[in-house]
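First chain written, first letter: the chains are A, B, C and D, and each begins at residue 1.
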Amino acid sequence: MAKSWKEWEKPLLEIDEALEKAREIAKKCSPTEQVAAEERIAYFEQRRDNIIRVMYSRLGPWEKVLVARAETRPYALDYITTLFTDFVELGGDRRFGDDHAIVGGTAMFQGKPVIVVGQQKGRNIQDRQYRNFAMAKPEGYRKAIRLFEMADRFRLPIVSFVDTPAADPGVESESRGISEAIAASILKMFELNVPSVAVIIGEGGSGGAIGIAAANKVLMLEHSVYSVIPPEGCAAILWRQPAEGAKAAAALQLTAQSALDRGLIDEVLPEPFGGAHRDWETVTKTVGNAIEASLHTLDSLSPADLREQRYAKFRAMGRVAEAAPSA
Amino acid sequence: MAKSWKEWEKPLLEIDEALEKAREIAKKCSPTEQVAAEERIAYFEQRRDNIIRVMYSRLGPWEKVLVARAETRPYALDYITTLFTDFVELGGDRRFGDDHAIVGGTAMFQGKPVIVVGQQKGRNIQDRQYRNFAMAKPEGYRKAIRLFEMADRFRLPIVSFVDTPAADPGVESESRGISEAIAASILKMFELNVPSVAVIIGEGGSGGAIGIAAANKVLMLEHSVYSVIPPEGCAAILWRQPAEGAKAAAALQLTAQSALDRGLIDEVLPEPFGGAHRDWETVTKTVGNAIEASLHTLDSLSPADLREQRYAKFRAMGRVAEAAPSA
Amino acid sequence: MLGKKKATGLDGSFVQCLGCKKTLFRREFEENLFVCQMCGHHHRLSWRQRAEITFDEGSFSEADAGLRSVDTLEFPEYREKLESAIAKTGINDSVVSGRATLDGVPVSTAIADFSFMGGSMGSVAGEKITRTLERAATDRIPAIVFCASGGARMQEGLLSLMQMAKTTAAVAKCREAGAPYIAVFTDPTMAGVLASYASVADVILAEPKSLVGFAGARVAAQAQVMKVPDDFQKAEFALRSGMIDKVVERRAMRSTLSSLVRVLIGGSR
Amino acid sequence: MLGKKKATGLDGSFVQCLGCKKTLFRREFEENLFVCQMCGHHHRLSWRQRAEITFDEGSFSEADAGLRSVDTLEFPEYREKLESAIAKTGINDSVVSGRATLDGVPVSTAIADFSFMGGSMGSVAGEKITRTLERAATDRIPAIVFCASGGARMQEGLLSLMQMAKTTAAVAKCREAGAPYIAVFTDPTMAGVLASYASVADVILAEPKSLVGFAGARVAAQAQVMKVPDDFQKAEFALRSGMIDKVVERRAMRSTLSSLVRVLIGGSR
């Protein structure tokens, strides 16, 4: 079982390397060698596409976990800076601090004003620490709440990008009320009189994710995951074996398709060939179009309708059998 | 100039002592000595009353400051536990901590449910530290805001007791946003749809006081003070002489009568002979009756009327001359 | 039944306190509401014991008793665990919901029972909490919820996570309706339950020394290397951190709830 | 006019930076919006300079210019101080209010001028801020308030304190009306102004290194014995503490305000 996306994608990374080399050779070689070089490139390309096809056509739950965590996958700010204009990042919870694991602010989306919020991962070591691996602290959720309230005050739709392994589990977060912060953020989302769209772009990690995901429309990228517990944590509890993540991922059925089948999300957004990380432009367009369509659908709903639609949708979640009372 | 209430009341404290002794002697003395002993007591009592009359009939601003700070004056919880039943003290700002300089909770006032909030001083050294000298930190104001919101949600009138030298000026309070906390508490008080009554029972110290005093009715005990800056602070700025507190108190006109004359409070509540600290029972009754009357007056106002009454009252505060624009 | 942490029965007349290990007269112990007379340790209660010591005698009537979990994910061993919990506890899931009166005031209530799979919240617990809050909202009566949970029920996967959203949404309904909602944290109130409906109650009370926290093992590991207070993740710590209103001894809980309930409904009547 | 902290004029062509003390070409300095090209020090601006660099050319029109302070307490030396401030600054009090447009968007605005008695807030400043916010509420247009103040004006006693309540009440009016309110903290934004209308703006921007704090001398004394960050009570510290949204360089202020204003009014049009 591969433990990381890099490990799992090794065959692809190898062929990418070979392809790169072949292309360099092609640039330098003489005209007579050109045909052979191009044939080689075509061969590698086809091989690469075949491997992608094999690897990505039927990703298992664990592979989805790995892909959802891929370091080259577009993160929240990548979508925000591409899909939005006039973005002014706003900071602070007006209580304690400014959390860099959650970003947000005012922006225009296709000429219309919105509030945008997202969990932000870091791409290099320093940035990852700066973002606390997208594990938000209480002040992150309280910043989100403040922005949600601002959205409500000025009748701005909300777009949120969900991408977190979990909320920050540290001692400091505990003492400043990480539980309360998550709960209050969920509560606020249900009280909103404006449309909200959440897009799960990578990891939808338990309470940390739901804190900004209780939206009128919840969209989920094809290879992103959404889970009540990280598979490693589940494996540790069930089999005392964190390494059994793959087994746990299968048991948890944390894929977008599974969430859709159970009515827990509204839509699965297809990823480009080989995953979102292979084609930022396409996936960004997909996400942009889906947000646009969702906002358009919600546009006709009154504030009361929006609250009711949100309530009814989440109210229906759960599977119970109801027998006549036995007592 | 006396620097403390104890120093200033020295003549009274001395005669109280003499009176105490005389009473003890009277208890023990033989029947034949009884008449003389009682005459002595009567003499001391009259003298004591004369001194009180002299000292308290025309308290200057500085003496009011001293009396307002008297250690034996009833504090917020003294009023709360006497005037209210079913008091359940509630704690916490749901953000960071529980501030003991501000207390509050649910209670019944004459059979009617209310929310009560107060700044609480301590009477001995430990208690004073525990209460931080009634200098509230951000979490104190945020607890108050939470209680105000609860009052609004359940349509409960609010009674607040104001008694603070100032908000906590420490580094920690600064970093957790003491300014924001005060401002947000004032703002919340103006947004309330329920009646609010504030009683200034001792020191109404600048921003720290106004944070819980922006009420529909503001009552003020006769010898309490209400000031934009502590007189010592004012003296330090004006004359580089904190000891000139008396001079500054006079300049600031921080008395209840002055506040009433300028329309900055609604009512001055008379204190018992010799000040609130000499007769808790009477002053508590006075305060209770005044709260009852105020709530009764406000009872007929609709939520919108309450907001408007509050706005109009504070809106009118200030003295400006308005000439035709010169530019 | 005292759940996992039940005071050990020595013989019919005696029990051993789980706090101080001292031997106590069972009758005195029960009369003291299962709180040790020696050390004050609050032993866990079954839902039925909680209902009995809290509400007017005989006033509790159960609702939603027919709700049962569905093993929708066919999660390893879930069905067996459910069945054994049902057999062991005599209830169908970790929360029992219903109506009762408290000093005559009608309330909607839910009581978690930790002995049922660690009080974990799956679809059934979420549904019962939601209905409890909805009944409070509809009738504009107070909701009183006794929490006791290790968190979400992993075995129902994402469905469990969504119970966080669903139950919290129901709190919004209470707020909209002006129905007071009081949560009582008992030992333990953790993770997914703490991070949803439990923490956004209007008033939060807790029993002394109850475990109250978001993160489990991970934070515990960190706590070992960091300097943390002795009562970290206890009710007293939560109180100091501003997260709960009051730590209330079991013997004072009923009267405290009664005062609160009468004040909070008073303004709207 | 640059207020108290004005860059020292050496001769007509040069000025000395108050931050790094270097000599700068006056023309370049002014073209750089009075920000030192060497060290980035943001020099204080007069209200007029602020209006000029912020709003559409010529769009600012003053309101409330006739308001004047009344020495109601006959406070020692107040009258003299007022008169000399008026003579020195050419304005009647520490705040100038009016209307303007920003990239064509009409706004209600108030600009504090620190050179008038340290930007202190008495009845006149309070009244002008209140009217500014009321105009925004009535017309449902954005309010933009530039803060620069040492705090309340002691010389007007309790009347000054009540300006904290009055101005904050006006913020409630803006919220009710759905009018956006943006505060810009410039050097310094302190005490009674910070603890009232300034801190409850919808969006708070600040110029780099502006002093932003509640307590003056007292806290400074404490700060000497305690370990506090170098930038304590600076805009950057306020940002880290979560109290403001953004530190914005002067040259980016106009465009930032413009983006904000267009988004915040957009939803209600």
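One rule holds for everything that comes next: a contact is a pair of C-beta atoms (placed from the backbone, for glycine too) under 8 Å apart; a residue touches a chain by one contact, two chains touch by 3 or more.
Computed from a predicted model, the values in this text were never measured in an experiment.
In this assembly, the chain whose C-alpha centre lies farthest from subunit A is B.
Put simply, the C-alpha centre of subunit A and that of subunit C have 33 angstrom between them.
Distance between subunit B and subunit C, defined via averaged C-alpha coordinates, is recorded as 41 Å. Multi-chain contact residues of subunit A (touching two or more other chains): 94-96, 176-177, 180, 184. Multi-chain contact residues of subunit D (touching two or more other chains): 175, 199, 241-243. Chain-to-chain contact here is organised irregularly, matching neither a line nor a ring nor a star, and falling short of all pairs touching. Of all possible chain pairs, the ones that touch are A-B, A-C, A-D, B-C, B-D.
Those residues of subunit C whose C-beta lies close enough to touch subunit A in the complex are 62, 65-70, 72-73, 75-76, 92, 122-124, 126-127, 130, 152, 154, 156-166, 168-173, 175, 191-192, 194-200, 213-215, 217-219, 222-223, 226, 228, 232-233, 237, 241-243.
The touching residues of subunit B, when paired with subunit D in their complex, are 167, 169-171, 173-180, 182-184, 186-187, 190-191, 206-207, 209-210, 213-214, 226-229, 234, 236-238, 251-254, 258-259, 262, 264, 310-311, 314-315, 317-327. Contacts from subunit B toward subunit C in the complex involve residues 86-98, 106-108, 112-114, 139, 142-143, 150-151, 153-157, 194. Contact residues on subunit D toward subunit A in their complex (touch as defined above): 175, 178, 180, 199, 202-203, 239-246, 256, 259-260, 262-268. Listing the residues of subunit B that touch subunit A in their complex gives 94-96, 138, 142, 176-177, 180, 184.
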